[in-house]
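In structure tokens below, several structures.
Each of the next two complexes has chain A plus one other chain: chain B in the first, chain C in the second.
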Partner chain A sequence: MKIAVCFKTIADYGRLSDNDWVWDERHFVDTSFVRRVFNCFEESALEMALKLSGTSKNGSDTAELTALTVDDRRGDLFLKHLIAVGYHHAVRIQCNKRIDLRFNSLAVSDLISTYIQREGHHLVFLGTQGGNGDNGQTGFLVAERLGWPCIREVTAVVTAGSSERLKVTSRINGAILVQTVQLPVVLIAGHCLDSPYLRIPTLKQKLKAKKNQVTILSNIELGLDNDSLVNNGKTLIDLQRPPVNRPCVFLEGKNARDQAKRLYDEYLKKVFT
Partner chain B sequence: MMKAALVLSADSASIRQQAGEINAMLNRMATTFTRLELWLFYQDIPPEIFPEIDCPLSAIRLIAVEHAHLPESYLQLLLGLMRQYPVDLFVFASDGLGAELATRLAYRLNGNSCLQVEDCKLAAGKLEVIKPVYGNHLSARFILEHPPYCLSVAKQPCLPARMTSSELAKIEIITLNQPRTDCQKEILTIPDQPATGLTCADLVLVVGQGASSKETVDVLKGIANSMGAELGASRPVVMNAWADMNRLIGTSGLIISPKLCIAAGVSGTGVFSVGIKSSEFIVAINTDSKAPIFQMADVGIVGDLLAILSELEKVITAEKAQKGLHHTRGSRIETQ
Partner chain C sequence: MTLSRGAIVDHLKNMVGPERVITDEQVLKENSHDRYKKFETIFGVYTNPIPAAVVKLADTKQVSDVLKFLNGNKINAVARTGGTATEGGLETIVENSVVLDGSQMNQILKIDPTNMLATAQCGVNLGELEDRLREQGYTAGHSPQSKPLAHMGGLVATRSIGQFSTLYGAIEDMVIGLEAVFPNGQITRIKNVPRRSCGPDIRHVIIGNEGALCYITEVTVKIYKYYPENNQFMAWALDNMKTGFEILREVMVAGYRPSVARLYDVEDGAQHSFDQFAEDKCVLMFMAEGNERIARATAEGIVEIVGKYDECRSIDSKIIENWFNHLNWGPEKITEERELIRKNLHIGFTTEVSGNWDCINTIYENSLKRIRADFPHIDDLTMLGGHSSHSYQTGTNLYFVYAYDVVDCKPEEEINKYHIPLNALVVEETLKAGGSMVHHHGIGKYRTPWTKEEHGSAYYILKGLKDQFDPNGIMNTGTIYPVEK
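And now, the complex of A and B:
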């Protein structure tokens, strides 16, 4: 079974102050000075795929895992991490810098599905939402472009009898759904309590991973020209910072008791009486 | 002037909230519709009551869907409906199904889609939409060029729609051939955790990663009980299994608007903040004075959440005792 897990890394927005939310004439916000992290849903997807691949009793891998990202060179650090924890291939698709992919899920899905078809994968795993665009559409569009079934909000996946069938658990609209599906399929990770975080590599694994190279592909190498990716029928007009209307009053006090008393007496009394 | 269809599932437990969110968007829209229809999917029995929509409806179409858990079934039926009753705009619910249907239907119809839409209007023959971006820290305005436009509305605080009967003349049961779906087999449905009282609670204590452990969250649960508050949680708390998934607050969980929200140990990321921003009064407690949560709070306390909340519980308990009110539940917390 050939599994591709598509992920993106995002700036840790929690580390940006109110004054950092400014943008240039192309509507780009500079987040280069804060650390980047895996999108939380894709981190779950990456871990779920590692568990799914597992190892058989004789120790041989049962699946071939590829970590795929559409990013600039900042993605390489994360791809190296993924090689260290057990991914067999690390691939980064780099687009022409003129193409703004932030709000263009059609283009991202085109790049991913073209790669998937070229490499003959059987399972594509993605996250649910996130990234600068908060588009939430890439997984669905990859499924449409490939003509594969799609299951969203996946919380667990195991093989079902053979490597061509999977038992997939998802949490949908007040119910937990367990379904057996035939490959190929696109799975979109939800809140996965069993695999919330990606495992951490050992030093030995990190050193071993240094020998493996990240494969870098351009959109042209995938046969997708710049113009075909740019035109998606959706044009960004402007950005706005939603107003923050609450001037926070900080309550000082000698100790916790003092602060709690002030909070109650000055603000909460009317709520509790 | 557009023809539009609002698409909802009658079997969804959140139908009143979903219709309320659609009403919130319709009320902000300056666009008038030549036709506005409600397309309501149901699994077994046609519904007899319907969510009240704030704009006049031209028709309510009821469509049976055999495989309610398979989006492909809805997509095939929607394509059939589009052939019979063409529209320029589809509005879907804010849930995962709405997002999936909006995206995939637009792709198949060569239209444009956008999710989490807060506002939209026609501008020079094209659809202008506003939606949150950058983890809910910013809003973006886009122009969508190609109809049919398929939108899912943003999760937002709203008045849940009332369920009422409707004029029979407007209701039509549509019979369509059920699509065959053979890739998914052996489907088992298990009821999820029951809903909490969070969405209608007056007092909510929301705990974040600052709680640091399941033990502390359990203690805070006791304090919430003692204060008469519901307990909510941020994503890290839920993902660490310190609290149940049905207590998750934020864009991928619940949107609440209580009279008082105490956010303790929550950093205040954009995706979380949208879940509490409509609270009448927000108190934030965090050890980091620069945490973004303070930007959306009415009152902030920099300090240890457990110490402050334990003291607050004592104050409230003492006040209630003084007024002769009885308490049967407490958190059994002792602090120095």
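And now, the complex of A and C:
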């Protein structure tokens, strides 16, 4: 089974202060001084794929894993991390710098689906949305382009009898749905309290991974010219930062017991009953 | 005659009121640990004897009454405030111990801008004190990572240090006066004066006693003018730690006092994401602060010194400023860490030591070499590195940082398989090279095998304090002083 997990890295927006939210004439916020992190949904997808593949720290593998990102060279460190934890291939698609991919799911899905078709993968795993564009469309568009079925809000996946069938758990509208599906399929990891964290490589694994190289492909090498990727039918006019203040109520009471009772009676009871 | 668990609880309730004596089993279990056994704690495993009660103390008089009772009945007392200790100092290793919780003694008693002093009860959270000071344009100058959670009593009891120590000093440089209660119930107050020559400095009997001699109830610390607008960050990437130590030394010896002076090796830097800005490099950083002229002169002096080293490449100071502003550990980071540990069976710890300039690089290199050579589970390690974060005229500290997957062992076996042996290798190499085995966490209960070696012939003085002030040995048994079998 050939599995491709598509991920993106984003700036750790929690570390930007109010004053840092300033954008240039192309509407790019300068985040060059902030660390980047795995987008959380894809971090879960990356770990779920590792578990599915059976890649363990003793090196026994049952599937071929590819980590794929569309990024500039800053993505390489993350790809090296993924090689160290057990990904067999690390691929970065480098696009022309003038192509703004933040709100361009069409272009991203073109790049991903073209690569998947070229390499003959059976399973594509990605996150539900990125922290910078919040489009929530790429996974569905990839499935459409590939003509594959798609399951969203995936929280767990295991093989079902054979390597060509998967048992996929997803959470839709508060319900847990378990489906057995035939490959190929696109899986979209959603948010769940039980979402796994990506494992951390051992020193030995990091050392071993240094020998492996990241494969870099340009959009041109994938047969996609710059103009076809730029033209997504949308023009970014302006950015606005949504207010982050949440409504707040101070619960007053004679003591903590009284306050807790009010919290339960006035708020929690409605949620839990 | 030894009192039963029930009798201890009844006596305590009579003394302080039943609402102040907690016997809920889960609370007792949580009070038998500190962060040294965080792996066990997360999995709900508690192997220490569970204390008889946690007493929520209201005032100094209650501390005195309770201690007198415990001393008279030879019951082990464990002092506790914020609960952020990392070295087992809060563990209850004796049956029917009583945890003396000072977290409700939480009043800021006085902020005195004329004499530049702040007085707080032991249960005052440092973060709250700092917020109050900053409202008035002052700072305590003390900023350990635990600031959002730690309380003044515990900070003084463990000889804590903060991230700005190179300018402001450690807690012992800040404490002017104290109130403390000894096990016989004696309440002592050390007055607040700028300096005196009236015999030995008795503050130091109390500061750093880790609850093994007395109970700290009130602290008076210095305060400083706060000039955040003058903060200047500087950072460089460099190839090796030895050069970094040389630069740190040169800066300190030249007389500059940056508030922050830190040197990270490649591995430790990577876990702070420095590899995203300086891959495979060590990182050296400084912050100059304070009065505008001093801050500017400090920054210029440091830039001049580092400029002499061709190995150093400047890093955007905004990277370091942004990172530094998110370094503290509040409840949200603790929760996140717990989740990571629980889901991935992966955990990290530190061992902090110190040494003079002539041996610090030896300690650094030998400790790492020794772990790589002698630690039997090296394949489970995911991170092994270190940094220096507190420098002095005469030397600096080293924070060894290690993380590992917990493989094939029960939660209660984790410390014996990993943490204790790793800690031991660092301590042994540090003592061998002439350094100190603990820089600022306190000895707690897991470095006591080396307390005598650490102090050498001066252990006579340390032992004398215990004999004098806690002759019944009821104060936090097994902390600082090894349990003699």
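Assume the second predicted complex is superposed on the first by the 231 of 273 C-alpha atoms of A that agree within 3 Å, B and C clash if a C-alpha of one lies under 4 Å from a C-alpha of the other, contacts with A are read in each partner's own complex, and residues count from 1 in each chain.
Assume contacts are C-beta pairs under 8 Å (C-beta built on N, C-alpha and C of every residue); 3 or more make two chains touch, one makes a residue touch a chain.
None of the values given here were measured: they were computed from a predicted structure.
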item: Contacts of A:P196 with chain B and chain C, given as first, second, both or neither; value: both
item: Partner chain(s) touched by A:V34 [first = chain B, second = chain C, both, neither]; value: second
item: Which superposed partner A:E144 touches (first chain B, second chain C, both, neither); value: first
item: First (chain B), second (chain C), both or neither touched by A:L177; value: first
item: Per-residue contact with chain A, leading partner among chain C and chain B; value: B
item: Chain B versus chain C as contact partner of A:L268, first or second or both or neither; value: first
item: Touched partner set for A:L77, first chain B, second chain C, both or neither; value: second
item: Chain C-contacting residues of chain A that also contact chain B; value: 14, 17, 196-197
item: Touching residues (chain side chain C, partner chain A) in the complex; value: 273, 275-276, 279, 316, 318-319, 321-323, 325-326, 339-340, 343-344, 346, 378-384, 403, 405, 407
item: Complex contacts: residues of chain A adjacent to chain C; value: 14-15, 17, 32-36, 57, 74, 77, 196-197, 199-204
item: Residue numbers on chain B that touch chain A, as the complex places them; value: 9, 12-14, 69, 71-72, 95-97, 99-100, 103-104, 107-108, 112-116, 128, 131-146, 183-192, 195, 202-203, 227, 235, 238-241, 245, 248, 251-252, 259-260, 267-270, 281-284, 289-290, 292, 294-304, 307-312, 314-316, 319-320, 323, 335
item: Sites on chain A touched by chain B in the complex; value: 10, 13-14, 16-18, 21, 27, 29, 40, 102-103, 105, 128-130, 132-137, 140-141, 143-144, 149-153, 171-182, 185, 190-191, 193, 196-197, 233-242, 244, 246, 248-251, 256-257, 259-261, 263-264, 267-269, 271-273
